[in-house]
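There's a structure below that I have some questions on.
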Amino acid sequence: MDYWRFDTVLPHLGYLLAGVSMTIQVSLAAVTLAVAVGLVVAMLRLSSIAWVRAAAGLYVDIWRSTPTLAQLLWVFYALPILTGVPLSVFVAGTITLGCHYGAYLAEIFRAGILALPTGQAQAARALGMTEPQVLRRIVLPQAVTIMLPTIASQFISLFKESALVSMISLEELMWHAQSLAGFTMRSVEVFTTTALIYMALTYPQTLLVNRLHRRALAAQAGTARP
Amino acid sequence: MSYQWRFDVAVDNLPVLLEGLGHTLLLTALAMAIGLVVGLALALMRLSGWRALALPAYLLVETFRTTPLLVQIIWVYSVLPLTVGLTLSPFFSGLVALGLNVAAFMSEIYRAGITSVSATQTHAALALGMTRSQVLRRIVLPQALLRMVPPMAATWVSLFKDTSVLAVIGVAEMMTQARIIASDTYRPLEIYTLVAVVYFVITYPQSLGVDRLFARNRVKE
Amino acid sequence: MAPAPPFLRVEQLHKRFGELHVLRGIDLEVARGDVVVVIGPSGSGKSSLLKCLNRLEEPSAGRIFLDGEEVTGAGVDLPRLRRRMGMVFQHLNLFPHMSALENVMEGPRTVLGLSRREAEHGARALLDRVSLADKADARPVELSGGQQQRVAIARALAMEPAVMLFDEVTSALDPELVGEVLSVMKQLADDGMTMLVVTHEMSFGRRVADRVVMMDQGVIIEQGPPERIFMRAEHERTRRFLQQLAWDGD
């Protein structure tokens, strides 16, 4: 009957917040890998060689049709057996999240590239711009504006899924929370506080995504055909 | 040095894995049902215009959208017994957490679908003398539901994969079984590969179906 | 003037959308059987006026009376009141997931509680009245704009309203489809329906209206019989508006 005693958690808040640093580190590392993977795979998907397209397509299908946790356990326990190279929990987490979200980003990039408005590019060429200039100054900025909200919302998902890496003992926020709950025997307060910390970190990101989304819509409206 | 693949280990344990799959499917179906009903209720609360309803619904939805599923599962599992005195089995705790999680995302899909129906439709129905509930039931929802099918199908596929996180509280679904077998047999490579293959085989066709639903909806619009 | 009290009475109606003061003290009286045509530039508040009458939009101030009963104010049974007022909108009128027949049946079935057979019987008769009996099973997307508007009129009539409100029902139509809709509306007027019509179709105003009301910036500039308004308008703004519409007063 004695719960909601947050004063029991307060002295340990620093311990919890120490986990946030690792959460952020692994998220940033993973998203960097994801963007790189996404770009490469998207390009491969647009290749003129059929088997390259198929292989890249298979990559995307596999990483999108299996659960992240299954992927994580495979990367951490199974892959080292194949390669003979043991992985730290941080690297395993980064690789898993990076390859997983890389697959999603590859689809977003591919759709974004395919949807580029050609009228704009033609107008730019008519003005006498070279191809690289057209790409750099007209096409890519617009493509990026349109894709940015989706990419950002993928980052939020990645950030939340970083909690899964606690299951192979990466000492990020969720791991610290479980540790602390065990130590203080105050699951209610600890996990509620942890949830609040995640909310505090994620909510501003969702506001940003909404703003990016509105900007993207405005940009598209400006170029809409009458 | 070459590794000795022991596929016989994988094949021997396949039945146990598939039993877990049965639980996975059951959890997916039940959580989806909860999500469909509770999600609609939450969406209606937010669209009602009454702060007393809209605010709690908003807070619930945002809470479940901004926290990791893992946190939600562990929270429900450890907090419910201590606060409400309700000790649920891992299966039911997991179901509650998953159900609420899906409901939160569903409520956003409902909201988008309902608000996409033109206001003139609502006006025309009200002008005929319909009550708000009649307008919703006979005019708005039927139109909204058609547009909501693709994102709902995508949610189903995500939900199926998310059941794997219930392994953290030991629910006897497929991921849990895989972990148990992998540690029992000391053959994580074969077992984790096998479970990945099973997930893939079940999920991939559904993903293709979802892609087709989205494409068909785009053509219709 | 009519000896009986006005059927529809609007008293000092105001409507604000935040800072925007869209209706600034409208006073209007409509007798039974009157056909009142409302004209004016965009933004004059004509559409808001109509929508306030059946409280699709909430008046900010003022009172509205239908057949002696107050429409505005708390505790009014809105669905019941709205049944007595039929409304046709500029576009997106029809329910796309129902056929034309089902659209017309919808009000009687859901609101009036008629049986399917009774509702269908009445609906077919109405579709016949607007010359669309052969399109009963068509979906709105299969109908032309003019046909959709006629079905919308039939649907409103199915509720047997005491007054019909038309909100620029031909403005979104291709020119060649306008005539068929106006013919239906003229027929309705000849049959004695009380009508409030917001329109840009001056020919309709001239031939069918009992009274023309000119609105601008939320107020009624002037009103009167069509011959006077169209040919000898008293106010400069009215004359200028009509000139802009290239009305040559033949």
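Which chain is which? They are A, B and C, in the order written, and residues in each are numbered from 1.
Throughout what follows, contacts are C-beta pairs under 8 Å (C-beta built on N, C-alpha and C of every residue); 3 or more make two chains touch, one makes a residue touch a chain.
Bear in mind that the values here come from a model prediction, so they are computed numbers and not experimental data.
Contact topology of the protein chains: linear, an open path with no closing contact. If each chain is reduced to the average of its C-alpha atoms, the one that sits nearest the average of all protein C-alpha atoms is B.
With centres defined by CA atoms alone, the chain at the far end from chain B is C. Rounded to a whole number, the gap between the C-alpha centres of chain A and chain C is 54 angstrom. Chain A and chain B have Cα centroids lying 20 Å from one another.
In this assembly, the C-alpha centroid of chain B lies 47 Å from the C-alpha centroid of chain C.
Looking at chain C, no residue sits in touch with two or more other chains. Shared contact sites, meaning residues of chain B that touch two or more other chains, are absent. Shared interface positions of chain A, defined as residues touching 2 or more other chains, are absent.
Chain B contributes residues 1, 3, 62-63, 65-72, 74-75, 78-79, 82-83, 161-165, 167-168, 175, 178-179, 182, 188-189, 192-193, 195-196, 199-200, 203-204, 207 to its touches with chain A in the complex.
Residues 118, 120-121, 123-131, 134, 138-139, 142-143, 146 of chain B are the ones that touch chain C when the two sit in their complex. Only residues 3-4, 61-62, 64-71, 73-74, 77-78, 81-82, 84, 160-164, 166-167, 174, 177-178, 181, 187-188, 191-192, 194-195, 198-199, 202-203, 206 of chain A touch chain B when the two sit together in their complex.
Residue ranges on chain C touching chain B, taken from their complex, read 51, 54, 56, 78-83, 85-87, 89, 91-97, 106-107, 110-111, 152, 155-156, 159.
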